[in-house]
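In what follows, chain A forms one complex with chain B and a second complex with chain C.
Up next is the complex of A and B:
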C-alpha cells in the first residue's frame, strides 16, 4: 500500500489515539510535577461581646483567583513522586535503618499507601493466577468430555461471570457475603459467631476479593484452554494410548505441554487486568483493607473535596512504567517474529 | 477426544467429571440466579438473618405485600430514582462508541493489514502498550484539561474518550481479521482499475461483516461495562447505569432501600445475558483469536 493511501486510511484512528491516549499521557506527566495551591490565609478580627481575638481564615476569593490564574498549581518537581503517598523514599530509608529483620522492614513498608497497594496487587495475582489456570484447565477438560448437546449451554453459563459488568458481578457476591446475606449469615451460623463480618477483618476482605478474582477470571482461562484442547492432535493422544499411557498420563505428558504457551498468555492477561483492578474494591467498600494502584488514582480524583491531580498523575506515571516493564518481553518477542516474517 | 478413549473411560471417571461440571455451573450461575430471584423480594427476605430460605419462599414479602413476589425494588429504582434516564444515557454512549469505533477501526485495521512497512508495525506495537494501560491512568490526564475547556460531564466527551481508549483493541482485532482476507481480492480489483478506496468499498466491505460483528461485540462490552471512565468523566445528571448503581450504594444504605440497587443491577445485567445468548459463538472465537495464534 502506498504511504499516501495508508496515511488517509489510518488518519482518523491515529488522530483519536494521539489526542486521547498519547497527549493525556503527556498531560499526566506534566500534572505530576505540580501540586495544589496552598489555601491563602488572612487574619480576621472576631469581636465578641467581651473581647476581640484574631483568627486565621481561608480567603476563598484569593484562593479561587490563584486557582484561576494557574490551574495546574505550584511547581513541585519530582516532590510528589518521593512523598509519603508515593515512593516515600525518606520513610523507606528510615524503616530500613531502624528495623532489624527484613520481615520487620516489610511490615513497616506495607503501611505506606503505595507499597500497600502494590503488596495487595502482588498477593492477589500470586494467589488468583494459579487457581484460575488449574480451575480453567480442569473445567475445559471436563467440558470437553461432555456430549455435544450439553457443551453449548455449559459454555453459555460459564461465560457469565466474565461478561457481566465487573462492578455488578462484585456487588452480587458482596450482597451474598453481607452479614445478612446468604453466605454471610450461613457462615455466622457455622462458626456460631453473630459478629463475624467479612467486611471488618483484613484477611477475610482479602479472601473475599481473591474469591471474586477467581470467579470472574476462570471463564477466560476456561475458554482459552477449551479452544486449545481442540488443537491437540488426535494422533499423538492415540499413540500415547497405544504405548499404554493411562488417561492421567496422557493429560500430564501430552495435553499439558501443548497448553504451556496458553498458560503464559493467560498469566500475562491476568497481570494486566490486576493492575487495573478497581471495581471490586469500590463494590466491596474494601479500600480500608485492600487497595490497588488504580484505586489510589480513582480516590485522588473522586475521593475528597479537592481533586489531587498531582498525586493522581504521579501514581499514573508509576503505573504506566510498571505496565511498560511487564510488557517488554512481549514486545521483544513480537519484534523478533516481525523481523523473521520480513526476512 | 477419540471414541476409543471415551469407551475406555470408567464409570467412576464419568461421575467425577459430571459432578465437577455441575459444581462449576453452580458456582458460575448460582450467584446470578440467586440475585435475580431475590430482586423480587423485600429486603428482610433477601437479607434474611433468621433463615436463608425466606428469600426462596418470600415469607416477609408475603407478609408485607400480600404476594410472594414484589416489583417494589424495580418500581423504586426505575420510577422513584429515575433509573430510566441512566439507561437512555448508556444506550446513547454505547451506540455511538460502537459505531464510531468500528468506522475508524475498519479503515485503520485494513490499512495496517495491507501495509508491510515498518511504521505499520510500530503503530501496532504502540497500540499494544496503549491497550495494556489501566484506563484510569488516562482519565487522570483528561480531567484537568476538560475542566478548563468546560467540556467535562458531557456525554459526547465520554463517547470520544471511550472510542479512543477502544481504538488499540479494535485496530488489533480488525487488523488480524483483515490479514485473513486474501490480498488477491482487493489487488485484482485494483488491477481492473479501482482505486484503493473503491477496492475497499466494493470488494472488502461486503465480506468483512463477521469480523466487524465480533469486534463490535467487544467494543459494546467495553463501553457498557466501563466504570473508570464514566464514573469520573460524567456529571451526575448524565450518569450511565454502572456509575449510577455505584452511587446508589452510597445513598441507599441509609434509607434501607438496598433493593433499589439490587433491582437496578439485575436490570443492567439483562442485555448482557441476551448478548451472550445470541452471540456466544462470536464471543468465544473473539476471545480465543489472540490466544491460539499466540
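Up next is the complex of A and C:
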C-alpha cells in the first residue's frame, strides 16, 4: 500500500486515538503534577437542628481568587508520586532502615497502600494469564473434536462467562459463596466447619477473585484459539500422523507452534486486562483483603466526599508504566520474530 | 434541647389537627431536584411535584448523587436547582460555594419553618433541614428475656449480653453493625470515638489527633464487637444486615434509625421477629454519658448558579414538598423535624439518641478525608494483622497525605 493511501486509511482511527486516548492521558499526566490550592479557612459559627458550634470553613472568595489565578492548582512536581499513597519513598526508606529481616521489610512494604495493591495486582496477573491461555487452548481443542451437531451449542455455552457483564457475574458468584449460598454452604458441610467463610479469609478471597478472573476471561482466549484452529493446515497434521506422531505430539509440535502468534496476542491482551482489574473487587466487597491499582484510582475518585484528582492521576500514570514494563518482553520477542521473518 | 421541643410541639400540633395547608401554585420557573434514593426523600419530591401552574418540576434520585453534585452545580446555569444533602454531603457544595444563602426566601415564603430546621453557616441560612437520622440499637426482646438481660445501655453491656446469648447456645453471632469496609466502617469508628469523648483534630487546625488512648480504646471496643459478629462483618451494610435481622438470626444490632419503620413492620420478617424488635438509643461507652452515635440531618439547598426566578420556584415547591400534608401522609417514613410530625415507635431510637446528647456529625471541610483514611486502614486491625497504635498511625499518615493534596495542610 502506498504511504499516502495508508495515511488516509488510518486517519479516522488515528484521530480517534489522539482525541480519546492520547490527549486524555496527557491531561491526566499534567494533572498528576499538581495539587489543590491551599484552602484558606475562616472560623464561622454553624447552627443546625441539634446545636451550634464554631468550626473552620473554606473561605470561598479567597479560594476562588486563587483558583482564578492558577486553575490547575499548585505545581507539586513528582511530589504526589513519592508520597505515602504512591511510591512512598520516605516510608520505604524508614522501613528498610528499621527492619532486621527481609520478611519484616516486606510486611512493612505491603502495609503501604500502593505496594499492597501492586502485590495483589501482580499475583493476580501472574496466575490468571497462563491459566487463561492453557485453559482456552484446551477448551478450543476439545470443542474442535466434537461432532458438528454439538459444536454450535457448546460454543455458545462456553462463551457465556464473557457475555455476562463482569459486575453481574461477580455478584452472582459473591452470593453463591455466601455462608447461606450454594457454594459457601456446601464447603461448610464438606469441611464440617460452620465458621468457614470465603469472604472472611484473605487467602480464600484471593482464590475466589483469581478463579473468577480465569472463569470470566477464558472464553476470550477460547474463541481466538478456536478460530485459529480452523486454519491449521490439514496436510501437515496428516503428515505428522503418518510419521507416527501421537495426538499429543501433533498438538505439541504442529498446532502450538502454528498458533504462537495468537498466544502472543492473547498474552498481550490478558496482561493489560488483568493488570487493570477492578470490578470483581468492588462486587465482592473485597477491598479489605485485596486491592488493585485500578481500585486505588476508583477509591480516590469515589471513596469519599473529596475527590483527589492528582492522586488518581498519579496512580493512573504508574499503572500505564506498569503495563508498559509487563508488555516489554513480549513486544521485544515479537519484534525479533518479525525481523527474522523479514530477513 | 430544641430537638426534643420539636417532638413535644409535634404532639401539640397533632392534637390541634389543623389540616390547613396552602395549595401550591407557581406561575413559572424550572425546578429540578437532585437527591439520594430512599423513600422519605421520594415522598418529598413527589409531593413537591404536585405544584401546579406554569412551573416544570423534575427530580433525580440517585444513590451516588454526592459523586456528581459538585459537577452538576458548577456550570451556569446549573443542572439542578436544588440538591437534598446531609451534614457531610453539604460540605463539598459549601467548599466550592455552589449553593445560595436562603435568608430572603425564608423571610418571604418560610414563615412556618421551625428554628431548628434552619441550617445557618456564618449567620446565613444555607439549607432547610426536614428530617433527622442517627444510628442506634435494635434489640430482640424475646431473646434478651431468654437470657434474663435488660436492654443494654452501654457497649460493655452489649458485649456481655452477646456473650450470654452465645453461651446459652441461642446464636453464634448475635450482634451486627454496619461494618462494611467502606464509608460504613468509617462511620462506626467516628461514632465510637465520639462516644469516648474524643476530638478528631487539634483545635483550630486540620491536623489529625486520633493517635491517643481514646483511639486505642475505640479500636479495642470495635474489635470486641466484631468478635460478636459474623466473620463476614467486612461486607455488612444496611442492605445486608436488614434481611439477616428479619430472618431472626440477630439479637442486637446498631443500625440507622431510618431502618426502624421497615424492621417494625412484619412484611418479610420471620415469625415473632417484628413483634419483638425494640428500638433503643445508642449505647454509651467507657463510663461516659454521650451516646456513641452521630446525629444527622437531611435538608434541601438551592443552587447558586440559577436565576432568582427558578430559585424562588424551587423554594416554594420544596416548602410544599416538606409541608404538613406530606408529613401527615408519610408520618412513619422518617423522623421529621416539622411541627406536624407525630413521633411513632420507629422514632424512639433516634429521639433517645438525640436527647442523650449525641454529637452531630462534624461538618468540617476535611472530615471526609479523615473518614476515608479511617476505613482504608481500619480493616488491618480488625482482622488482627497489626496493633491498634500502628493502625492509628497509619490512619493519620494516610489522612495527612490526602489533606496535603487537597490543600488543607
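Here, the second predicted complex is superposed on the first by the 248 of 343 C-alpha atoms of A that agree within 3 Å, B and C clash if a C-alpha of one lies under 4 Å from a C-alpha of the other, contacts with A are read in each partner's own complex, and residues count from 1 in each chain.
Simple rule for what comes next: contacts are C-beta pairs under 8 Å (C-beta built on N, C-alpha and C of every residue); 3 or more make two chains touch, one makes a residue touch a chain.
Owing to the predicted nature of the structure, the values given are computational and were not obtained by experimental measurement.
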item: Touching partner for A:70 - first (chain B), second (chain C), both, neither; value: neither
item: Partner chain(s) touched by A:17 [first = chain B, second = chain C, both, neither]; value: first
item: Contacts of A:239 with chain B and chain C, given as first, second, both or neither; value: neither
item: First, second, both or neither for A:50, with chain B first and chain C second; value: second
item: First, second, both or neither for A:35, with chain B first and chain C second; value: second
item: Residue contacts with chain A in the superposition, chain B compared against chain C; value: B
item: Chain B versus chain C as contact partner of A:288, first or second or both or neither; value: second
item: A:78 touches, of chain B and chain C: first, second, both or neither?; value: neither
item: Which superposed partner A:310 touches (first chain B, second chain C, both, neither); value: second
item: First (chain B), second (chain C), both or neither touched by A:122; value: neither
item: Chain A residues contacted in one complex by chain B, in the other by chain C; value: 178-179, 285, 301-302
item: Touch list for chain A against partner chain C, complex; value: 35-39, 41-51, 53, 55-58, 60-61, 63-64, 73-74, 76, 80, 83-85, 91, 111, 113, 178-179, 194-195, 197, 199-202, 285, 287-289, 299, 301-306, 308, 310-311
item: Chain A contact footprint on chain B (complex, rising order); value: 1-2, 4-6, 8-9, 13-14, 17, 20-21, 24-25, 27-29, 31-32, 34-35, 46-49, 52, 55, 103-105, 107-108, 110-112, 114-117, 120-121, 123, 125-130, 132-145, 147-148, 160-161, 163-165, 167-168, 171, 196-197, 200, 221, 224-225, 227-228, 231-232, 242, 245-246, 249, 258, 261-262, 265, 268-269, 272-273, 275-277, 280, 283-284, 287-288, 290-292, 294
item: Residues of chain C that touch chain A when the two form their complex; value: 1-3, 6, 64, 66-67, 87-89, 91-92, 94-97, 116-123, 129, 132, 172, 180-183, 204, 206, 230-235, 295, 297, 337, 354, 360, 362-366, 368-369, 371-372, 376, 379-380, 383, 386, 394, 397-398, 400-402, 404-408
item: Sites on chain A touched by chain B in the complex; value: 1-3, 5-6, 9-10, 12-14, 16-17, 19-21, 23-28, 31, 71-72, 138-139, 141-146, 152, 154-161, 163-168, 171-173, 175-176, 178-182, 185-186, 215, 219-220, 223-224, 227-228, 231, 234, 237-238, 241, 247, 250, 261-262, 265-266, 272, 275-276, 278-279, 282-283, 285, 293-294, 297-298, 300-302, 307, 309, 312-313, 316-317, 319-320, 323-324, 326-327, 330-331, 334-335, 338, 342
